[in-house]
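Got some structures for you, see below.
Both of the next two complexes hold chain A, though its partner changes from chain B to chain C.
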Partner chain A sequence: MVNLTIDGKTIEVKEGTTVLNAARANGVEIPTLCDHPQLTPYGGCRLCLVEVEGARTLQPSCTLPVNNNMVVHTDSEKVREARKFVLTMIFSERNHFCPYCQVSGGDCELQNAAYDEGMTHWPLQPNWKPFPVDASHPYIIMEHNRCILCRRCVRACGELVGNFTLGFEERGADSALVADLGLPLGESSCIGCGTCVQICPTGALIDRWSAYQGKETDVEITKTICQGCSVGCGIEVLTRDNRLVRIEGDWDAEINGGVLCDVGRFEPKTDERERVLTPMLRKDGALKAATWEDALAVISSKMKSSNGKAAAIASTRLSLEAMDAFNQVCRAAGIQSVFSSEESLPTAAAWKIAEKVGKPFESKLDALKQADCYLLIGEDLTKDHQVLSFFMKRNLPAGASLIHVGSADSGFKNYANVILPVAAGKEAEFLGDLKTLLNGGDSKATAAKYGLNEEYLAESVKLMKSAAKPAIVLGSRYDYKQPVETCQAALDIANAMKAIFISSKGGANSLAAAQMGMDDAIDLTGAEMVILAAADDKFSQTFMKKFEKVPFLVVFSSYVSPLTASADVVLPVRNWLEQDGHFVNLEGRLLSAKAALEAPQDVLSTFEALEKLAAGMNVKLASTWKDALKTTSAVMVD
Partner chain B sequence: MKIKRSMVLVSSDPHSLDKGAEAVYQRFSEELKAFDLSDEISLSKISDMERSDVAPFVIVYPEATVYGPVTPDDVHFLVEEHLFKGRIATRLQAPTKELTGKIAWLSARSGTLPAEQRIVLERAGVIDPDSIEDYIVHDGYQALGKVLTGMSPTDVIELLKQSGLKGRGGAGFPTGSKWQFVAGTKSEKKYVICNADESEPGTFKDRLILEGDPHSIIEAMTIAAYAVGADEGYLYIRGEYALAQARLLKAILQAKQMGFLGENIFNSGFNFELHVHGGAGAYVCGEETALIESIEGKRGEPRPRPPYPTTNGLWDKPTLVNNVETLANVPPIIRNGAAWFKSFGTPTSPGTKVYTIMGNVNLTGLIEVPMGITLREVITIYARGMKDGKQLKLAQTGGSSGSIIPARLQDTPMDYDSYAKAGVSMGSGALLICNEDTCVVDLAKVLLNFFRFESCGKCNPCRIGNQRAFQILTNISEGLGSMNDIDALQDISKWLFEMSNCGLGQTAGSPIKDILNHFREEVEAHIQQKECPAGVCAMSGKSTQTV
Partner chain C sequence: MAKPKVASDWLAGCAGCHMSLLDIDERIAKLVQLVDLRATPITDLKEPDESGVTVGILEGGINNSYNEEVAKKMRSRCQILVALGDCAVFGGVPAMRNFFTIEESLKRAYIETPSTDGSGKIPSSPELAVPTRVRAIHEVVKVDVFIPGCPPDADIIFFALSELAQGRIPKLENQNLMWN
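The block that comes next holds the complex of A and B.
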């Protein structure tokens, strides 16, 4: 511990703490612009300068480590003058019209800092050269006129996302933010995760929908989770007058620490699907609006008359409560075939092995963030479960290695040390041979067997063997022929190497779906009726084709789709932003989602719709979703 | 080995090469063959800018006669007269640089070379820089041998501390102490870096050492590595110094072949690997932490300190960073001892300093003289007085980041202590001598233009402050200034020093501070009388702001 004095107050903090953090932890506020708690301190803006007794010049508190007996003044005349000078400089550099800017209330940190320092005018003649505005990106606008060159976005792009798209060109007065080596953002390597937008202190990086749309002091913020995939990132949903303003990553969320991918941040804003607003029944060949009572009556009578010759399918975006109720209602009606929309993806494989082994074997995501060598099998994490790829990519500059057993055209081609394109269906066998190689086998023969470059394969083995904290990551969305065998082979390598093992699962609740026994391949043979709880899920053409010949189709859906068009009964349900519920993410962590928006009138949550259906069928629903999750899970449910 | 009776050295610095030195060398080679003298007379290239006034030039030893400028057509005559017949060809002889007056106590060298005290440039211009044999004959690698066979790392550091050697890069930090810091930091891996990113405008002392005597730096770095416990080093050479880079790469190969570099040097079990890393044209990369970032492949931006490179340097490992001139002092100190070194210069600033002289003087170029000489001596003796009999108005010492001093300070001894006392920066050793036709507003404008362009752009005060100051000075030089501008300039200068992250920003405001301290009336004349007393500024009354 170190003792120091800040503004006359003697405090004790841990060694290595910065003066800024020491001050903040003890209630002394120091203004900052380039600093951000999630980023490595940079010391660029100089707004946080403090006076340290004995130091030759003012010192940046954000980068300065505390010293024993240090005496710091954060509010001296000199420090206050210095802050004003910094702001004066910034205001003179580019076009910052903060005194007149009415639209950014609270979210522009430059404006806030200027108010805090009592700035009323530009002490130096602003010399505004017009800078370009880059609006080439589908989500993000780069407004150079508002940029204060603090590098938060550059650091976030590298340190948090590991993408390294943003950087700086030129130097001195000509310094400017660039994407790649000066490409328009829309043509650059940007993956549109929007972390830069979220971290920008001014309006230099803004999204197309929420910027200049009113003050941030004038929104409601709901902390909930993203349901785009099984990672379960913490998010903050900003709404105004029951409209979605924007979605931001929750900096305090343990899982993602603030980062999000485009699926979580921007896709909900670009969703243009038409809502289903009322129950509908097919009459004389055409879908007609109906009441809930009529629609539910038709369903329960059909369920009775089909006499168990029916199938039921639930989307993995359903909450645990809805999924459990769906199971209970269907089983009560004698329906034996209850599936999840993901059918036999490797989610189920990991689960099946866990059940057999009888104990958990997967690691928590925190372990993934600490690893120094990644063997990624299958999935292109630059397209799915992207936040997992951020955790991996951000460790690469510090020397972590990445070996991708997957397509040569993978999104990792610019990041991976080695890509090993093993043919689909050969993964399990290859992983078995790779394990042998790790014990000193003949890499030449193995390379020839799978048509791989021998050097690359040897390099992979070398990298894996030299790793101190290796991690095996098994993707879920690729063409498995033998999911269980592949998962087992990957797990064998992990065990042999004492590596951590993580499988990426599928949708938001796919682990729970597997645990509830809905993990078989969908088989609709002989089904006189099919009930599909689609909720707000988007399905592939192949998936929707399965339902073309179904004699009687019931769809619970938030949106109009080819499925609702061909259905016999359509029930309008809420989307993910409109309902509460629980989810189990890929590491088995139980997460709670909160409604951020009110649903349109007459639109029920899937759970409420199922409750009504159960009541009509005289089925008593038990709140058993916690019991339905099996505790010998692939990973433990907390 | 054949005994040569005479040695012909042809200048081959970039300036000479520009003026056709290669053709002169070729012609010598042909003519020596034609006269059948090849066995008796050695022919080599040297790198020495000192007589750039007569480039390309030729020096013939043992007489040390300097001929220049020499054209290929002169060569036949030279070979016939001097080398074949043995008569000095006076018609082609370069004008002599004579020694007079106050520095007669300096040990004069023979022949027509000027009297200097050469320690770091001892061999530059004497040996063939591409020949390791030449270097060895001239005491080369003797110091390394002495260190590796008979001295402990502590002995080396102790000797350096006793010598009182201070860093010649500009800051004047005691070299021995710096070595001790790195030696005292526990780590399995340490690095030694030679800062050869000499970018201070008007400074080319390091280039002369690198081009003229490359092995001396390799030897010094190896000694440094041994003393601090490093096994890998980087020579960060300015991008524009292509010749220096080529010579160092060649020298490293030669040293490796002879066993002065690489594994198990002198059978001592000590290993040292040395790399050359070329800069890419950024002034700020001469700042040691920006230089380290640059070697790591990152944008050249200075790091916050603490931590310092001595504990967290290259790849976060303890790193010793020394300037070329500093390192070049090390082998002579090892060979001759601390007392010998202290016999030069002043008690608190022992040794010599290399100065590069530019501006309104009769002779520009480079000199190595003991610390403590005055500016007046430099101008009158080495630079042979002010050009066209004009008066000295001011001098800028130490390059852009140095100081502007008025003529009345020209008798201050140039050593670290005396200059610090006078509030003047020694800097890199560049001396820009300006006569009464110089306008201080114009001078400051030129310097601030340099800084606004060369600031790395990381921290606000430097990136924006230099730009604003440049614009204000431009306004003043166009007759658009107001008295408020002086306050604004003073503010910027003050805060640049107080707030900037690195030395570049901290010193960028000194030209403003210096002209307002020493020449305030002249600046005010631009504003109040709307006239430039030196008649330099345009005073057009029109704004020329472009940015």
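The block that comes next holds the complex of A and C.
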């Protein structure tokens, strides 16, 4: 521990703490711009200068480690003058006219810093050099004229996302943010995750879908979770007058620590699907608006008359409550075949092994963040469950290695040490042979067997053997020919290497779906009636094709789709932003989602709709999901 | 004690700050009890008294030789000069044209706009003021009080004017400091 004095207050902090953090931990505020709690200190903006007794010049507190008996002044005349001078210089560099900037009025850290220093004007006027505006990206606008060169975005892109798209070119006043080696952002390696937009202290990086729609001071903020996939990232939903303004990553969320991918951040804002606003019944070949009572009566009488010759499918985007109710209503009506929309394929494999093994074998995401060698099997995590790829990519510069057993055009091709394109269907066998190689075997023969480059295979084995904290990541993919065998083979390698094992699973609640027993492949043969709780899910053409020949189709859906068009009964349900509920993420963590928007009139949550249906059928619903989880979710993830 | 004399004028602005001043509504009656309102662009007297005023208020930036003359005259005739609004304080919206040359701006305004009839013509006459780069007032003459805002809120204007009327220099901070 180190003792120091800040503004006359004697404090004790751990060695290695920066003066800035020591001050903040003890209630002394020092203004900053380039500093961010999630990033390594940079010392670029000089706004955090403090006076240290005995030091020749003012020192940047964000990069200055504490010393024993250090005496620091954060509010002396000299410091205040320096702060004003730093701000004056920043304002004079580019176009920082507030009235026509998206972030003015609460969201701009530069403006707020000037207010805090009581600046009524700029002692130095701008130099009027125009910089270009890059609007080539579908989500992000790069406004160089508003940039203060703090490099927060550059550090976030590298340190948090591991993408390293952003950098700087030129020197001095000509310094400019650049994507790759000078490409327009929209043509660069940018993956559109928007972390740079969220972390930008000014209006230099703005989100074109929410620009000029609301300020931090006049929006409502709801903390909830993203339901785009099984990771379950913490988000903040900004709304105004019951309209979605923007989605941001929650910096305090344990799972994602503020980062999000484009699916979570931008896709909900650009979703242009038409809503289903009223229940509909097919009459004389055409869908007609109906009341909830009429629609539910038709469903329950059909459920009774089909005598169990029916099938039910729930989207994995359903909350635990809704999934549980769906299961109970369907089973009470004698429907034996209750599936999940993913047929739980990726999740079910791991789940089946979990049931057999009887003890936990998967690790938490924290372990993934700490690993130093990744063997990724299957799924291209740069396209799905993307936040997992951030956790992996960000460790690569520190020496972690990445081996992707996937296709040659993997999104990791610029990042991975080795890509091993193993033919589909051969994964399980290959993993078995790889395990043998780890114990010393002939990589030449194995390489030849799978048509792989021998050198690359040998390199993979070397990397895996030399790793201190290896991680085996099994991606969810729907075309594993032998999902259980593949999962078992991956797990065998993990056990042999004492590596951590994580499978990415599928949708927001696919682990729960598997745990509730909805893990069979969808089979609609002989079903006179099919009930699909689609919620706000987007289905593939192949999936929707399964329903073409269904004699009587009931769809609970938020949006109009080919499925609702061919249905016999359509029930309007809320989308993910309009309802509360619980989810189990891929590591078995129970997460709670909160409604951020109010649903249109007459649109119920899937759970409420099922409650009504159950009441009409005299089925008593019990809340069984909590008990089910207690006995099952701990089994899979340690 | 005689009431302090106040004069105002507008330069390269939109008159919005004077409109915001009028938004102080009935409080203007209180204000005129405290001050002697002299020349303003919205009253009959157009120039500040030659004998001088206590407070001179300027809205808008300085974008030509005429504005420069008005600013210098106001400065020479007032004791305390107030820059009112973002254009006067920073240059504001008109200063966006500083990112282009004056020739480009004139061409855009008089020839290239879709509403221009016929071929369009850049006005030129020795009687017209000579356009310059848009400057904040304090780049041309010394300013004593800055009231930023686009426009400054009526409450902020009332606060500043009532402070001045009572012989104090207003200090804008916290809720009263808004650049918009």
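Here is the rule we go by: the second predicted complex is superposed on the first by the 621 of 638 C-alpha atoms of A that agree within 3 Å, B and C clash if a C-alpha of one lies under 4 Å from a C-alpha of the other, contacts with A are read in each partner's own complex, and residues count from 1 in each chain.
Here is the rule we use: a contact is a pair of C-beta atoms (placed from the backbone, for glycine too) under 8 Å apart; a residue touches a chain by one contact, two chains touch by 3 or more.
Just so we're clear, the structure is a prediction, and the values are computed from it rather than from any experiment.
When the two complexes are overlaid on their common chain A, residue A:Leu64 makes contact with chain B while staying clear of chain C. Once chain A of one complex is fitted onto chain A of the other, the partner contacts of A:Arg171 are limited to chain B, with no touch recorded for chain C. By the touch criterion stated above, A:Pro130 is placed in contact with chain C alone, chain B being left untouched.
When both complexes are overlaid on chain A, the residue A:Leu49 reaches chain B alone and has no touch with chain C. Measured by the number of chain A residues touched, the leading partner among chain B and chain C is B. In the superposition on chain A, A:Pro99 makes contact with chain C only, not with chain B.
Residue overlap on chain A between the chain B contacts of one complex and the chain C contacts of the other is empty. Residues 282, 284, 299-300, 304, 306-307, 451-461, 463-468, 471, 488, 491, 495, 497-501, 506, 545, 547 of chain B are the ones that touch chain A when the two sit in their complex.
The residues of chain A lying in touch with chain C in their complex are 95, 97-100, 104-105, 111, 114-115, 118, 120-122, 125-126, 128, 130.
Interface of chain C with chain A (complex): residues 83, 86, 89-93, 95-96, 98-100, 133, 135-136, 138-139, 143, 146-148, 150, 171-174, 177, 179-180. Those residues of chain A lying in contact with chain B across their complex are 41-46, 49, 57-58, 60, 63-65, 78, 82, 85-86, 89-90, 92-93, 124, 127, 129, 148-149, 151, 167-168, 170-175.
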